[in-house]
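Presented below are the structures under discussion, each in the form of structure tokens.
Each of the next two complexes has chain A plus one other chain: chain B in the first, chain C in the second.
Coming up: the complex of A and B.
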């Protein structure tokens, strides 16, 4: 078979493609307006396995609600779908539910439905840190839900404010069926999540007709999309764009402190950081204020401990600041058994600011005579136990997205916490666990049903952790939220995942 | 074209793909990082327990030696099953079919832009070497090669979306969404094509048959367009075929900058997340596309120049 391709055909094809493209440019104009707004997130809510929520992540979105809520400044746990709760005995709790709540499918919220929903969730996802299982939930009557924890656990009410405990109606998981102010008719994987106002919402009526959530992973694209008006609001605007956007009269940009901190976690069981004097020396060397000013563009606050002061049991106010004090750091290096061995700093390739912080730390360590190497890892290997065991300092950002935050202490510093368990079990060591005394304190805090005992125990843990230099605190995080100037401010929350959208609308 | 030739190409393709899949599987297997820890961390909201990790590994066959895992995967592949993503409640085939159209559109758009630039500039440069058009096109070609895709993408967004308001910054669905990504991807392709076309066309324009055509009194455009260009197009076609095969590389950056769903971002995310079945699926599909495009390119030689008998006996 033979065919000839004439010049006219070839150029004609190319030209028609170009014309079609130009025509497309002219026809654009998907401007959002009226009762419809689009919010950008760094990750799509419809990517990943969210089958227990009808296919959309329960974070940020206004579709699923929890029994309890964290107040916007993270200071206390408030009623939400549950109006009140009490402990019956050490492991039994009763939650009284609202009587005016309707699901998106028209069914009423009852204790039986909530019990079924949470049981199904726990059967699918064993969220062990919440100390509940799929057998923990029983409806005592239409309005009273009984929850049996597997151990004494004072933080249950706060823990239930975690968005993962959002209530999905158990009759169907084909689409999100929650009780929130917006509902979704359908969810397409890896696509924007489009929600519409739920007319029978029990709370304040949402201002908007439609609210769409877009996943835009590239920070610069999020920022430029906000400037161009392609989106109406965005989380995780790059810090370095704050000044630029502030100067733009079409945009409002604001920051909010999060219950989240950036730290260099120090491996207690790997040479040379198994030496307490060297760990303290590293702490004295770091200048947190300079890091916040230069690397974080002044957005955030210098940290003194692992947890920011907004967490009610944070010991921030009681913790002494180490430095910066290079002279004292040098003395401690002299005093230690340090013999010139390289200190390894591990950072994730996902966090460019941490790479800069690691480099700054490396410079400071050099000034006190400690040589170090910065190693960068993709997220596939950065968080693995194997990798952490080889590190001396691992730079991480960690925070809570539930109102209790208690699980952070156990996760990081208890021998059986997530960070330490594998090595503790296999080698009898761990990473950041100081031993039985601290384990006991964490368990005391974990099990305390009164706030005072809990706070005292957790604060003591933080004191000891800082005394032994188990981490080098760096910053307390603030997130940057940008929105078009013609929109009203949504109810911003210390935990951005918990932002409430009923007030978000046109100015 | 001979059927024997096609059969040989297909057999070679199959062997190549088996080798590619085996190498990819081995590399993902020895890469540091445990998918069980990563997936469960995301699903559970904190580090999983040892029991949970072991259960995940058993469920997905990750507790078996790597060669057994590969053989199982290959056995399933022969039955048309590419497996299940670790992170999605979806099959790999479904994910690939979802993402493929986005990348195909981007590749087609990039190719259209590159040819729309390279053909006229290459011809102009070849006809008037060292002239203004030649210098200009060479400079643009150099810039196109030297400038990273992501940077060009941001510059285009700044100019066309922010300043002129002509195109959307991100997304997909309309031709307007495709314009800037296509230009970003196509510019790099055009740079190579322009330089190649200029060189080959210059050689051809000096050939005897072109001189003969001119002496017959044919117009310059007929001489260049009908006689010289057809000969100069063959090397260009080869390069375009190879470029299309490699377009996945450029697509990764372009898809991220313009937030377009496609195979590039699917592959990169899968590699970072240690989502082995998806890595295998995309690699296999990319291999199939690469070999297919180049086979079609070979066959197209015969269409452009009937003297070429693809796969036939030497004359």
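Coming up: the complex of A and C.
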């Protein structure tokens, strides 16, 4: 074994030397402030229907910009294309736009263009959770945009930082025409997205001349492509490769906490998890710390609630940790009406770490006398209501990619939220909805125009959710970003989809 | 034989539980304590391979047996009856051959839901056509032989003519085919499990082990290579067995006609 390792180290050394020499030659040829780089993403930006953005997804992309932005640490909403905003009445907002912004087609950014762009987007793709429709936007003058929400909605400014609200010039959808630091002349479906520096960008000048985004769905291929130098940077490097890449002098690898959590959602309406004592017992059985250390390679943090503490209204700090406490869990199983039925854990076949977590949970549940079965589903069937209705626990990873994560609370725990609505309407049940009291609290938070009221309501929701064991929190996510050492470091954003690319360059 | 012995006796003789987790021993490389290393949850890969042999072999033999019985039965009836029955049955077999078998199995397993039982059903449903064709072609030749005609003219009931005079003379090539088929089924089962349609965690099935181990290719090579080698050796073993049986039972090489 010792001999094998030495040989590998030797080969690794030779390979690293060769790569370093090649990289050296490349940097000699590249001028500072120019050059091109390729970034790998887990999904192609040119696959799927992105016709409202000229054929390229607005996620990660440096071409489209939003009115507002989330700060790097997700703590606040910052001005971006809009410099300031205010509420006029319960449902009316006014956004003041920057006056120095030019689109990639040379036209100026005006309130009228923004209103047309967002109206066209919402006519094509209704986004109910944002509480706006295609009739919500009116230009009051060149610089002032009025937005009328369909209900009182305190999180509008944060919601507008969602990349889907990226502004595309409405004159043409043949190619992406945004205001971002890079532009694309054309987009080929299912191909890497090639962008070039936009000379008239209003913000910091982009360092690179060309920036390409390539979709590589297999995590191991992303990792090996980075090692071989085929790509210059990659999101979602597999956690298990972190140490290997850290030891490679040609690569820098970093992690960043996301507003995203992994949980086992517990079906409140399917036996045997319709029993609150059993749900609490399952919570006491799971050892989050061990899961993070072993299965997640120590990348991430053990969770106590559904939302990580970086979300301003997260109740993480106020929530008591359940355990792990197998003794208490066994007592609760005894106390419950559980009579040996199988608890079904559903996982997606696309998330190998979730399969391991489910298997780990299965063993812990066995230790408290609860038998369970793990079933994995393909992407197509995993998110269906039928699958979830049949499950007892569904392992998911959920988070926000806009500055206001409010929609998550409604989606998961309100009777009319996306997870519960179909069953609530057809059978008067749902999946993770505790009932009218929690619905009222969510509506209070949703509608509050002051932060304090909203935070208080959402924290109360989380307290109740955890008291009733509506989910087993597992981890708060940290993503891994790797880049070649000959590149400067872009500041990592809590929401990787919002990474700002102007700083990315040759070293 | 070694593999069969491992599948039958290994799990009984082995003290290590293939499902037992030990997070403190996770991702250990092969060592005397763990000859094939451990996985992410600290489970012993050797124990999982040995227990996996039972699953892989059990499914392969069951699927092959179902295909064999279905195919031989239909081939016998079609070949001996002739006429419209033969036409109807063989056109149905043609229909089956029009779809790539593994794709059809994927569709069936996908619709029925992920489980080893459904994989077993899916593979059994799609693979019997080859047996039916081979048997039918053999029957067409055998039924015209003198001893069959004599039995028929002497008033022997049809079913006894088929079972006592026709069947024994068409079995040779199908047994060879079955031996070769076991390897194919092991590969197909592993493939479907790799795609998440077969064995469910924590079942130690070889395809599932490769699927979960492939994310550790760079850091724990044994998680993919060990079950991969187990599959290769098993398939190779059954292919050689099939070749040997063909030499013994079918020296004229007629087996491949129907494939």
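Just so it is clear, the second predicted complex is superposed on the first by the 473 of 507 C-alpha atoms of A that agree within 3 Å, B and C clash if a C-alpha of one lies under 4 Å from a C-alpha of the other, contacts with A are read in each partner's own complex, and residues count from 1 in each chain.
Quick note on the criterion: a contact is a pair of C-beta atoms (placed from the backbone, for glycine too) under 8 Å apart; a residue touches a chain by one contact, two chains touch by 3 or more.
Bear in mind the structure is a predicted one, so any value in this text is a computation, not a measurement.
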### Message
Just checking: does A:216 make contact with chain B only, chain C only, both, or neither of them? Give me first, second, both or neither.
### Response
first
### Query
Once the shared chain is lined up, is A:125 touching chain B (first), chain C (second), both, or neither of them?
first
### Query
Touch check for A:411: first (chain B), second (chain C), both, or neither?
first
### Query
Taking the superposition as given, does A:224 touch the first partner, chain B, the second, chain C, both, or neither?
both
### Task
Please work out whether A:378 is in contact with chain B alone, chain C alone, both, or neither, and reply first, second, both or neither.
both
### Task
Spot which of chain B and chain C makes contact with more residues of chain A, would you?
B
### Query
Now for A:247: first (chain B), second (chain C), both, or neither, which partner does it touch?
neither
### Summary
Contacts of chain A common to chain B and chain C in the A-superposed view 1, 220, 224, 377-378
### Task
Would you tell me which residues of chain A are touching chain C in their complex?
1, 219-220, 223-224, 238, 240-241, 243-244, 290, 293-295, 347, 349, 352, 355-356, 358-360, 362-363, 373-378
### Message
So in the complex, the part of chain B that touches chain A is made up of which residues?
### Response
1, 31-34, 37-38, 41-50, 52, 87-90, 98-99, 109, 112-113, 115-116, 119, 154, 157-158, 161-162, 165-171, 174-179, 182, 225-226, 229, 256-259, 261, 265, 271-274, 302-304, 306
### Query
For chain C, which residues are in contact with chain A within the complex?
19, 21, 23, 26, 29-30, 40-42, 110, 113-115, 195-197, 200-202, 211-212, 214-220
### Task
Report the residues of chain A in contact with chain B in the complex, numbered from low to high.
1-5, 7, 10-11, 14-15, 17-18, 20-25, 27-28, 30, 47-49, 51, 125-129, 162, 164, 189-191, 214-218, 220-221, 224-225, 227-228, 230, 377-381, 383-387, 401, 407, 411, 417-419, 421-422, 425
